[in-house]
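Listed after this line are the structures, all set down as structure tokens.
Shared between the two complexes below is subunit A, which has subunit B as its partner in the first and subunit C in the second.
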Partner chain A sequence: MPKLIAMQPKRLGAIAAATIMLAAFGGAEALAASPRATENKMILVARQDPGTLDYVTSNLTALRLWIPSNVVEPLVYFEKDGTVTPGVAESWTISDDRLTYVFTIREAKFSNGAPLTVEDVIYSLNTMKSSPVLQNSAAYNAVTAIEKVDDRTVKVTLSRPSQAFWAGMGSTAGLIQPEAAAGSIATDPIGTGPYKLVKYTTNSAFEFTANPEYWGPAPAIKDVTVRIVTDGTAGLNALEAGEVDAIPVNTIDLWEQLVKREFDKKFTLVTDPQIGEPTYAVINQKIDPELRQAIAGTLDRQAYNDAFGAAWGAENTCTFALPNQPWYQPENAESCPYPYDLEGAMKTILEKGFNTLPLEYASLSDVPDLSLPADIMVPTLQAAGLNVTRNAIDLARYSQLIFQGRPPQFDITVMSGDAEPGQWSCPTPDKAGWSTYCSADYTDALAQADVATSDEEYLALMQKAADILRKDAVIVPLIAKKGVGLFDVDLKGFTEPKVAVAVELRALHW
Partner chain B sequence: MSTIAPTARPIRPKRRLQLNASLVVGVALTIGFLVIAIVSFFWLPSNPNIPVIKDRLLPPGTAGHLLGTDVLGRDVIAQLMVGSRTSILVGAGGASIALILGTITGLAAAAYGKIADELISRGADIMLSIPGMVTALVLAATMGSGALTTILALSAFFTPSFTRVIRSAALSVLQEDFITAARLYGRGKLFILARHVLPNIAGVMIVQFTLYFAAGILTEAGLSYLGVGVTRPQISWGMMLNEAQQQVGISSPLAVWPGLAIVFVVLGLNLLGDGLRDVLDPKLKRRTA
Partner chain C sequence: MTIYVLRKLAFFVGAVLVASLAIFLLIRGAGGNVAAIVLGKDATADAINALAHTYGLDRPLPVQYVDWIMNMLSGDLGQSFRTKESVADLVTDRLSVSVPLALSGLLLGLIIAIPVGTYAARNVGRPSGALLALLSQIGVAVPVFWAGILLSVLFGVRLGWLPTGGWTDWTADPVGAVRSLVLPVLSLGLIMAAVLIRYIRSAVLDVMNQDYVRTARAVGMTRTQALLQVGLRNALLPIVTIVGLQIAELIGGTVIIEMVFSLPGLSRMILANVAAREVIVVQSTVMLIIVFVIFVNFVVDLLYGILDPRIRNSA
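Coming up: the complex of A and B.
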């Protein structure tokens, strides 16, 4: 005992010293600012490489996260509170009958130093009007003329009022590019945005720097690098090691790991529906409607949600939408015409003889957040008595088979992507979306919504369209996933995207 | 001389013991592997493809799931057992096709004159200069991924190696006196190759087969890990590794089990090959005698 008592002060001293050291070094590590903060830079992580930066012909999320809004601006911006603020157009007037839009173009320069002209605006709008991307061209369905009024004014005339046109002018359909640089859009898009693209290296990185010609206040962070790290775990490791400052979009397959490794405590976790995605099954429209409904009845949404172990960021739904869209509804008896009922589905399959029909499930093998649902769906369909085989293919073959396959080259698949209801409209069968889904009723409902003259009318018609989509059991939503971002605690200013899903780089600051 | 013999002779039993030990371990591991694969056709702890979400990510040692479950609640042991079938199918399939093609081309190169030898040998050189993994990726891209594609890819880049080894062994046998005797007796080339050469190079063929069987399993696991091998409902250990990759931060053992399975099976086949070579190789026999 005396020895123990005699040693206690020393031990206490050692413990105290160790505690101070730990606090000093541990605390310093926890509080250490990113080295990029002092250099006014930041490094972000992207999970996917878009392959092309041509936003006219491609609507890949991997592209739309970075180029719109940051490099190329639309005519106007729609703010979160519903107000409309100037973009490339510094002012505008809309006729009372909503058939004539007159935009006054600001005196500004593109990031390559060329002056912004009315001719560039007319060229850009006409280019988007003929874009192969339906979300872009659909905004111009009612447009009959795009004309120059004077050197700073453009007039757009519509044949009927169109919600889609006005919404499009604040989205990718309204992006303005210089006609002279259109040839290099796939690798070096030019715009009037706060940043200019310095370099894009395929499968490696985007490098941005503040655009010296930008008409607005300069962004807080001058140089931004977006590293393309396809391995999600490697991206998280890089963030933990301080090699990067943020991962603005984390796919659902990482959410459970993210929480288990306490990234939500060590970094700023932001959740935002707008950069989220619905996950949905697509059933070939040619399949008997009763079989489609039976297949829809085998889908246990809670199982899909639980499989990702991240119920905090995903909600079960039967509506093709995200929670920030007013016609969205979570899974409930009213919004789900074909709720999970495996026994009922099995009975129908057996009674109607659907069990003898060979079905092919096209499965994307190299995208974890889509292969996991397939791992649940295929055995469940087989357990329900269906003769389903799984055709596992990579993204390149999937694009060829699913997006370009005419007639449809699959029976069932699962997808995750934009919550844009217009992508399923088909004014003519040849305009059908990638799944070749085409419903006259649904298209009509969307067309009626497009000419709505009030927000209430628009919402009611969009709800009607969503209902048609649900009952058709071709596009069968499973879960609505929020966008989940991780940011260095000192990197602040994340705001919801203004242009589609674009990460607003200009708003971020140390 | 009398002093050399006593010191040289005691080495022999020790060397033989070492060789036999490697053969015994190799045989034990390989038989264990084959037994597991055969048993999997008759019994499995549970369906390895049916998700049981409530049982997801159970740790090893859980009742009913000795090695735990994966992210969808599927039993790891059941998946490992079914994965062993794929390893046998692809590894043995690729090595067998390569053995057959390599034997035909190797014997032809050895027995049918200089032009045939040059054509076949240079062809093999060209094929060997193309990385096997690239061949597999190209085949997967054009034909789609799956067991058949992997077997074809394996046979494509194993065949030239078999050709070289068989050619070399056959050339050696063709120089023996009994071959000359057979020729003088009027036997044709095909008869000599089938009756005299093949039996004498059988040991080399068996050893090569075991080694390439192991290499096939490794390559298949690599391709499935990259997502261009087999896909569910087929199960591969490489696929299990791929699936476990996303769970490393959540459930690390998931990546350990298929990794260990690959290590033990490949080790077993390599030891078996080494042991068989020691037993079957006549030159080695002569050296040790």
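Coming up: the complex of A and C.
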């Protein structure tokens, strides 16, 4: 008997260990339904922490994914089919000469209970007009006056027609906030949206709940937590374990893992160009045009696409745009003035003596989306005979040397970001123009497009601008990445964002 | 003993001052500024300079340093440029994660390491002693992030017993908070135990070979009695040293565990703020950690004096 008693713990231990091993390394089980479905909740994952929620002074994607349209609304919404629907403005009129916009503000309350007033609208528009963020202030370049007509009406007067102004009223430039709460915008932004922010803890989570003051139908899911999980694998583990219900935006460093771990089969995988970004090489304009063209010829777009390991995630392109922009073109003979031709590039480099020229490749080291292209591009350029060195730096140092450096201290770099073509127009007193790129023809084409009074005219001019940009071989697009989201199979209703890249929580439902 | 304590106190104050200057210069020397990061790539130099002026970053460096030190001395740790939150509040919030994580990890490490390290020393030359030495060597070689990921996959994804990561606030759900900490504490504690086992084994072995232990055995004490009554005090000296160093490392050095388990702890906060060049948040928080580390070393030095009269008398 004593012998039996002595053996029991060992046996129990062995049984427990065997159970754990079986459960741990046995086949994957079918995923259970989310417990949040019955509680009217959902938990999402964000990969980055914005650090501040002040959308007036910051345009970080990590912020724009969650606050616009969910908490703070613009005056109007632009739908996918091009129609315009009411936001903070319940109606509007546009004069025939497109110089006067009159907005009728709806009777509504902000999420803090304060009434929405014309004064708040005027304050918000003026604040965005003087925003240091180009995407916000650029919408107001043609605006000469923002005036109160009566207690529910605001009139905006323009000096010339402006496509950018009208588009801005449906984007972050048109977000409306209460003047009285402006002081706490960095941690507690207030708006008229379907959700209100309950708490934002940096590096931890956003917590939203349905806004009881919302003017529209209440959102289907009442409580939403957005957990900030900067480690991509940890986020995927949480999704697989059923602790979270979706990762609406997966960065490219995870794509290969999504396929290998079969997340695309176990969850609803959504690809969406609206949340996507173009990835592009920037070659300093001071560099000889022939060398720029030769460098462009070393770029094998398919190699970059293959490196991300997911055929559904990106398209090869030579056009600085995303597939949902009408002037976008995928990679083809017509739209690629400098197609991949390594031998041709090597010949030019040797013949012109470019191989002796020292070049610096500035690599943004703390952004995974950009490390991978650098890993491919630098060895390729070296193999092509160029004397390239890689300078790996973090975002703060990159900002100092390149975005704010005068002149910017780089020869070649790779960027990923907004597909806004206006960022490559020539520098003005309001805009720094970090890329060094300045083409009068390109800037003129964009300016003409802005004053276009018909969609056809606008499209033709944007196509012309895109063509000028790619032929100059300063901004050299590689791929157009799509937004890639993973959702619990029971979580439905994902729609393409209407305001910039915001994930529309209101549309989601169990 | 008084002179010994006063000398250590003088060293403590001097070290804090040198450390404050070092951290101030290091964060400023890293380049870049928070205004440029907040405003993004298209901001003009004028806009950046204006925001930097609002933050007070355009003042001469000596003025900023003295201002910061004086504020620190008056108990004002400053505030975040971007969110206007007070650094004291930010740190307090994060300590509710970092302190239980660090202390529990250390405690678990000690609970495992002391008996196992002693057992390994007492069984040196035997298969069980060799096996424990080998296991601790493997534990030392395992990166903490790898241990964390494995534990997360095993107990979180596969077994579903514990959360794979994330944090539940103490005030919202204390049980949830404890569950959030179990796997991070296990990861930290197991790796720490592996390190400590080697030190404890070595210290105990060293003591057991001393003449005074042999003498104690000769007068009739068992090995355990000799170790506990005669050898323990001497064996504690190197153990106290390594535990002191581990405590210091744990408070600010759990960044990898906090990343793997998505915990909003102090280390992760510092890392994010270094990247954003939130100089006041970084300076004040790192300064607090440095003061704590130096304080721990000060306590360790005092313990030396208590444990070993030769040290106290030589001072």
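Quick note on the criterion: the second predicted complex is superposed on the first by the 472 of 510 C-alpha atoms of A that agree within 3 Å, B and C clash if a C-alpha of one lies under 4 Å from a C-alpha of the other, contacts with A are read in each partner's own complex, and residues count from 1 in each chain.
The criterion applied here is as follows: a contact is a pair of C-beta atoms (placed from the backbone, for glycine too) under 8 Å apart; a residue touches a chain by one contact, two chains touch by 3 or more.
All values derive from a computational prediction rather than experimental measurement.
Using the contact criterion defined above for the overlaid structures, shared-chain residue A:268 touches neither subunit B nor subunit C, since it reaches no partner.
Judged by the touch definition given at the top, the superposed model places A:52 against subunit C, while subunit B stays out of reach.
Of the two partner chains, neither subunit B nor subunit C is touched by A:157. Comparing subunit B with subunit C, more residues of subunit A are touched by C. Of the two partner chains placed by superposition, only subunit C is touched by A:429; subunit B is not.
Once the two complexes are laid over each other on the shared chain, residue contacts for A:201 go to subunit C alone; subunit B is not touched.
By the document's definition of touching, both partners, subunit B and subunit C, reach A:394. Once the two complexes are overlaid on the shared chain, A:233 sits against subunit B and subunit C alike. Once both structures are placed on chain A, subunit A residues 231, 233, 366, 394, 396-397 are touched by subunit B and, in the other complex, by subunit C.
The residues of subunit A lying in touch with subunit C in their complex are 20, 23-25, 49, 51-54, 57-60, 132-135, 186-187, 201-205, 227-231, 233-235, 237-238, 240-243, 366, 394-401, 403-404, 406, 417, 423, 429-434. Put simply, subunit C touches subunit A in their complex at residues 30-33, 36-45, 47-48, 51, 82-85, 90, 93, 149, 152-154, 156-160, 163-167, 259-262, 264, 268-269, 272, 275-278. Against subunit A, in their complex, subunit B makes its touches with residues 47, 49-51, 53-54, 56-57, 71-72, 141, 144-146, 227-228, 231-233, 245-250. Across the interface of their complex, subunit B is touched by residues 231-233, 236, 253-254, 256-257, 260-261, 303, 306-307, 309, 363, 365-366, 368, 372, 374-376, 378-380, 383, 390-394, 396-397 of subunit A.
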